[in-house]
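First comes the structure, then the notes that go with it.
A, B, C and D label the chains in the order they appear, each numbered from 1.
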């Protein structure tokens, strides 16, 4: 999934990667392309994890893991960092999801369970401000429930924001008409994706 | 006047000086006291004018005159500079005036004449944001009209903001009861100041 | 010249009263003024409202302050701590209030508090439960929610270097919330790894001008939360 | 990697269309991108809306651009120029529009435009003619006026040094409006005294991160407006 996402990001893009599978995107940048990574705690030009033993507790990413700074990096405070996000300057954000609706709504911060401690971090800011939102996710939950749905039942992170979903089964665009298949994973049928999607799925456009 | 203003500013104050007489305050800082000067075009810790020939066209004050930077100075952009002003961080601002009302209203940016080109600069921001506003002015206009008035006839710069007026005739506080004499200039009588003030003037408090 | 240099972290925070609102810099352990927080624990002020992105780690620093029961209310974006059960337990027991604010809105509200902006509109949270009860306004065809500036009585800040006038520079991503919190508090208290003579910091490199700083105290070798946690330290 | 380096000031600005809104950095002559402005005069785009604090000096730079009649509207705080009759004459003749904005509100509106804040409240102008027709709201007992974010199609910027990625540093008070205008324009075009290899600017010292910069062009020895005026130059 991460490799497929990386292939779709244009050269020179400013990219923010969520925690988990999205982080793996950085490992699959196609030959000849360069992305500049933003981490919302105040670094543009984030590099890979340092070699063990070289970690600096004052050089971390939004997931609070040790990182490095590439040549051409810059540090800034939180309001400036979120000005980049909320001002529409970040080109692409790759996030995980609990649910995505066929309108492009995203739920990825809370199950809404009564005993859950609400914790939102920067997800709602990213969703509201970044130009293109890609979601990477397993197509269904561990118990087999659809994550691509007609309407999210979990509390929303943002409305009508997701452009495309990269799942283990398929790449699916969110279009004005709803979910539309872009590409199937090897060995997966359109029928199977439809069955595991809790909303109408349009077939891929001829092209 | 400038000397009297300087005597009333506490040690260590962050001070913004308007153009004209207010600029002279910097020449009269009492022994043992230090003020830190802010100029709204992006410098804290402004020093005196450079020696002739040493002017740097990229080191200027809000009046666009060449200045210097003292040790401990800092440069910042305009939004940060006005955050200092509008966020209430500047202790004292000394400004000139066309009119001051007994409510503390100030008019100092426009005569409101129909052919005047409106030009406000940073005056309204200073008035709205700085903790203490001192005004230095001649007590009357060149044609003898009162500048201390019941109600300003010129367009306002801000409402209920002036703390004290330093004129060539007297120092006058703006109190909830209106203008109150603080101190007369040498050789000036209370009667004379009252005659040249177009609003009731209360005598100095016994103390 | 007004003296900003404090003798010790104890002197620096000793006037913080019960009921104060205190911003604490840092994102996770990076930029967290742990020595000032520990002094605040020893000082004992209670009924505090604390503004920080998180709720601390382990049983040191902010987590320890919460653990003593001194904190009445947390304003933060992400109260799920790694290695810390302190906040969750108090929260589930109804013993601490929580105002949850998205990270960017939190940063912008703090900056607004420091910049004299009482309120602003933002797209963040529109259509989500966090916008419930808030004013929504359509501007140029898009919906925005009204958010208010945040300010505080005190800010506890960590920086790399300060000069005698309180001009500050930071280290890497330890900068985070510190510069904007310096702006938004009535009394800003800074622990610096190093205090240098005025004039030693290039005016072009100053991140926080001294106008935003009231007190500075040198803490040459600050503790690292993750190291304390690895060592099993529990404060006090 | 996307190439931001332009061959010349002409290449850098040649796609600015008629009717564009253009922010121009600088406060007086300090930080004014005079070479880019002169290229825009040669280019000839008209019906422009220009955002700058002033209206230029003498008959060079911004004053010259106004003088050619290319500017339909000025948004600024202080249109009374020293040594320049260009704007006053056009304004009195009704040939140019003016939106007057207090300097701090102008700066904050530009920052808001760059930061995704569509509108905010401020105390500046309350009770004055400049608040007429604007929404007033009482917040915590004080009146504030609603102001809207400002953004632009292009920004013309001057800086001291840029690297290949468009990370910028400025010189002294020539910084002024430049960093916030970089944030608020769709296409930010920068003239730098020096373009250096990526990695040559300390990440702690970057004032404008490259994300806000689209095009850079080296102008090693930029003119100084006051010198041109002293020499009696009138552009073009």
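For this structure, a couple of remarks:
Everything below uses one rule, namely that a residue touches a chain if its C-beta (ideal position, glycine included) is under 8 Å from a C-beta of that chain, and two chains touch if they have at least 3 such contacts.
Keep in mind that this is a model prediction, so the values were computed, not measured.
Distance between Cα centroids is largest for the pairing of chain A with B. Separating the centre of chain B from that of chain D, both taken as means of CA atoms, is a distance of 29 Å.
In this assembly, the C-alpha centroid of chain B lies 35 Å from the C-alpha centroid of chain C.
For chain A, the set of residues touching two or more other chains reads 43, 69, 75-76, 79, 82, 85-86, 128-129. Of all residues in chain D, those that touch two or more other chains are 108, 111, 115-117, 122-123, 170, 172, 203-204. In terms of which chains touch, the assembly is arranged in some other way, matching none of the line, ring, star or all-to-all patterns. Those chain pairs judged to touch are A-C, A-D, B-C, B-D, C-D.
For chain D in complex with chain A, the touching residues are 1-2, 111, 113-117, 163-165, 167, 183, 198-199, 201, 203-204, 206, 209-212. Partner chain D is touched in their complex by these residues of chain B: 39-43, 56-61, 64, 69, 75-79, 81-82, 85-86, 105, 112, 115, 117-125, 127-129, 155-159.
Interface residues of chain C facing chain A in the complex, by the touch rule stated above, are 27-31, 53, 77-80, 82, 87-88, 91-92, 98, 100-108, 110-111, 122-130, 170-180, 207, 224, 226. Residues of chain C that touch chain D in their complex: 108, 112, 115-123, 137, 139-140, 142, 144, 148, 169-172, 203-205. The residues of chain A lying in touch with chain D in their complex are 11-12, 14, 34, 36, 38, 43-45, 69, 71-76, 79, 82-90, 128-129.
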